[in-house]
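Below, chain A partners chain B and then partners chain C, in two separate complexes.
Let's look at the complex of A and B:
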């Protein structure tokens, strides 16, 4: 073969057709980071690239070559010889090589150097305040766009409250849109209104802020995936009318939709969970959104301590994890004090703890607790 | 439609075959057509047609959901606020409890009542089944109730007592206020009417319970006036005789999601009662709600009933809009009531049942 180097190349993580179209449509140099789709098995179709005709495809599939991977990883001289044995047409090796070059160019990922990456991050990442100064301090000044942040805690520890606080602060303070995917029925507009009223007196502003928060009720995994897909379509077509400049997507809670799928003899659960995680991460990255998810905690059967739900596979998905705990749980004494500790973070040391008050007004906090040992 | 094949609700075997054949997006599937699809994957034409129908529905499904019951699924917070403010609550006749709940039991949410045996969970459920039927002019939601009983603790005679007291209370209010629509509403608000609008189901084990809950949406579409679904004893069928705990967690989570869908789509309040169990810690043991940690996330609002000497207390433990607080309540022969008479307007003072309440509480204490 004339290109020994190319033989070894595999179009491993290939960019799917979707992001390709977005690149063409956007025309923004900032979006040069392609997020690869792991399944690199695109079916060969006529018109996929110039030179790939219907006849060629028929011949190739007769010899067991159906996808791009098959084509690129096969020995082209062999293929040409086998195909020329058929009485219809013969394939000349040069045509095959040309097609292969085009396919490789189309489906492989581009390497980017670190400096470009850094420049791009600097220009596209934003840090969003969560509405609670000590939580901001815990998160290294706020929610970073382009990343998935997770809030976990036992029932009643204030996960939904913190999410509402984030929605209030982003829609009122930054005047950006928020998408709230509610899978537990816990979203209460009156509580959001209460928080907004505590932050500003102006009624007009309150109503406008309420209009910037979009709520979608999604009660199973397919609805979540569909909602995310619709969001992606809307954003990539840059339909500004109803969505506006979206900055935050909140999914409350992710474990409610995934738990029924995991375990037992079901093989689907893990795959769907990973699909969801991929959707969330690519959304965050491509459109510079901050994605916030809430998760449950379960009790470890052997040690009796609390650990985050959804297992090890999910633990790699969010880049930052915050654990919310309530103080002393006795039925008589009720308080609105909560403790938030950092369980995973790419920027801060873990184990930092702060106090939150998910009180009547908004999510305020009186003090900052000094870093404790471990979690 | 760039929807990935892996995110479509198809059968796992079919999905595996599609992935092996190299299909990536839904658009490719739709372009291939049923014949090509059946040839490439090796399934029958009918199966291919069915699969394509599912795909088409999913992709263009968002146009479909614009009409119909799921239209409330997507809205802005402002619209939701208006909806919430115009929604009624189901009062419990105990004004302290109504206050800490923010007006009463909320529609479209799941409320869970946990408590030790004998503290009054079933009493509250029966009270709510009657209260949901109070006509709108008296401050109720004028709905019907579905009562799913797993423990067999539903006593019709008790419901008769509660309903009679409720009707009498409404009569007294109507007499005091003398309004036209009050009289009209009272004609239909009678004992027989109340009892005939409580739909009672008895489920003996968890299979029956799951089946009943999954069949509820059909029932609710036929009886569209139902505003309350009570499951008295959700813990009972899942606690004894269940070896596989992970199966239990999965079933409970699926059940919770189904209940949320019912609450949301049919604008009904779902009330569940749960038992308590003891958690043995390092130095002490505490009473916690049964069914484990993950079940705690199922209910949006959680009330815990407990005793303090001989006084019954209710604590709001989890709520999206109200603070945690504790109040005391009483159970009288008329049903669920406050401990002390609430501050009432002069017009209804004469109609208060208080003078008769106190002697009865002495009897309660002795019991």
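Let's look at the complex of A and C:
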């Protein structure tokens, strides 16, 4: 299983990733302007950047400068004075300044211009239909890529059904791939197949759509982080074969993997949760994916309204939040009607409510119908 | 540009640094209690729980800055540092479209040309990025507003990485705060930073030992948790909250206070298609 990839232990920028100049702008297809190389806060070592020689490292280390941060924030004039005592010309002040500039360029994030970013977003952002017209209406035409959308609700309110509906709609309608991370065991391929059968009669299409949905069972946070890291690696290398154009990542449910970590006085659990949230958001942004997570609800002690579980820190993470609630069921009949309301949105006023039907009215599994006639 | 030694800069650089920054008095009078605010060197903190309009207020300020003078804006350049990957470019474009008389693509791109964006993935990277942005500030005299959303994004991760020692936990943020202060004073910037309400206000009576607890702070859900260096450099602190009377679901409140002069002003605003409206 291994440890989750903590920031410090992430692999540093590899030589193969190319220099900054190549990467900035249009160098790498599918890679946004804003995303620099991952930062592994590094101890200075020879060859980390051009001009950083072993001699320089030793001199710096003698002055208490061991990491990139130390170097960049130190007073180079001071260090340079000690340099001038050395007979080696490679340690002259200009060399130090040059190395500082290179290190900064290598490890800091590069600012992008708003106009360029807008151009890029216009072409890479997509709005994905969820398979339910009323839900699309709630979300202002559908799921936006580049964002994390949260579905919250009590157990049995249909969160997994909505996720399956999204998977069906995207894989069949848009012919795009979906990654479904299932942490509750709620994913059933037969239900997905049922939904696909309701949308098209063509068996060939149904099978192709099924193949575009990839399911991974993940039962703790480390498995989730590993699955996301693997996804990132695949997408970065643009391996087209098994993982075609991916557009949606579903995590059902995030509360199941985070709950065991929270509580107690250590902040480790919260740090892991924030790391997961960063990973989800950067994946969404960098690769133009729509990330959907499902969450439980709790009742607010002071106002009595329903709020998402996992606490305050998590509440800042998703851009859009939809609350699913069951409607009053009439006796003897289990209703498939749900009410979906918008709890948070970057572009619509909150409080809008629509009705959803999570069942498939046409298709009824014969085995579920119990014979009631008397014998 | 001032070289790494902080040595001599040329005459033009000096002029650019001191005079090039235009006045931002009219940035948003509704937010500030006193006339003539904000001034260069101010550090304004937006604090509040989720969904209370902090990021919307930042979009409002960006729009005010980048829209040309002919259309009622200030025509200055803005640097936006995004630590949460929360920035929604399409939302900003919608706001611009609604505010510009002719919302043509050309006009919008021209406005967006005055906006610089940078995303940071860790507090260390934030620190290094701030160092590298110094050159940008020197080179662009009309770049006088720095927006940071949000400063508390790395709080839990830093706390966990710092182990048991509070000093280690706060070290990166402290360095960032100190360097931000240096940037703001040296380059005459105005800094707006958001911080999230991550913790519940403690009912602990030990809190009453904190000196000078201003009256507004006891009302709002404010529990300071970021490092002292940051808390001391803030000149204005603004508390955002959502109005509970659910008649109007769009009503938000901002309580703005000047730390030293103890002046408080409370305003309501709503968020529409065109952004924040007072």
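Methods note: the second predicted complex is superposed on the first by the 300 of 375 C-alpha atoms of A that agree within 3 Å, B and C clash if a C-alpha of one lies under 4 Å from a C-alpha of the other, contacts with A are read in each partner's own complex, and residues count from 1 in each chain.
Following the convention adopted for this analysis, a contact is a pair of C-beta atoms (placed from the backbone, for glycine too) under 8 Å apart; a residue touches a chain by one contact, two chains touch by 3 or more.
These numbers were taken from a predicted model, which means no experiment stands behind them.
Asker: In the superposed arrangement, does A:123 touch chain B (first), chain C (second), both or neither?
Answerer: neither
Asker: What is the contact status of A:237 with respect to chain B (first) and chain C (second): first, second, both, or neither?
Answerer: Neither partner.
Asker: Once the structures are superposed on A, label A:107 by its partner contacts, choosing first (chain B), second (chain C), both or neither.
Answerer: In the superposition, A:107 contacts chain C only.
Asker: When the two structures are overlaid on chain A, which partner does A:160 contact: first (chain B), second (chain C), both, or neither?
Answerer: First partner only.
Asker: What is the contact status of A:275 with respect to chain B (first) and chain C (second): first, second, both, or neither?
Answerer: Touch partners of A:275: chain B and chain C.
Asker: Have a look at where A:316 lands relative to chain B and chain C in the superposition and call it first, second, both or neither.
Answerer: second
Asker: Please work out whether A:94 is in contact with chain B alone, chain C alone, both, or neither, and reply first, second, both or neither.
Answerer: neither
Asker: Contacts for A:72 in the overlay, against chain B (first) and chain C (second): which applies, first, second, both or neither?
Answerer: After superposing on A, A:72 lies in contact with chain C but is clear of chain B.
Asker: Looking at the overlay, what does A:81 touch: chain B (first), chain C (second), both, or neither?
Answerer: A:81 sits against neither chain B nor chain C.
Asker: Under the contact definition given at the top, report the residues of chain A touching chain B in one complex and chain C in the other.
Answerer: 39, 41, 68, 267-268, 271-272, 275
Asker: In their complex, what parts of chain A are in touch with chain B?
Answerer: For this pair, the touching residues of chain A are 16-18, 37, 39, 41-43, 45, 66-68, 154-156, 160-161, 164, 167, 180, 183-194, 207, 210-220, 222, 225-226, 229-230, 232-233, 253, 255-257, 259-260, 262-264, 267-268, 271-272, 275, 279, 296-299, 306, 309, 329, 331-332, 334-336, 359-360.
Asker: For the complex, give me every residue of chain C touching chain A.
Answerer: Residues 3-7, 49-51, 66, 79, 84-86, 88-91, 93-94, 108-122, 124-125, 127-129, 131-133, 136, 154, 156-157, 159-161, 175, 179, 196-200, 244, 249-250, 271.
Asker: What residues on chain A touch chain C, complex-wise?
Answerer: Contact set of chain A toward chain C: 6-8, 34-36, 38-39, 41, 68-69, 72-73, 76-77, 80, 93, 96-97, 100-101, 104-105, 107-115, 117-119, 121, 125, 144, 147, 266-268, 270-275, 278, 281-282, 284-285, 303, 312-313, 315-316, 319, 344, 346-347, 349-351.
Asker: Given the complex with chain A, which residues does chain B contribute to the contact?
Answerer: Residue positions touching the partner: 2-4, 6-9, 12, 19, 21-25, 28, 58, 61-62, 72-78, 80-81, 83-85, 108-110, 246-247, 249-250, 253-254, 256-257, 260-261, 263-264, 286, 292-294, 296-300, 302, 304, 306, 308, 313, 315, 317-318, 320-321, 323-326.
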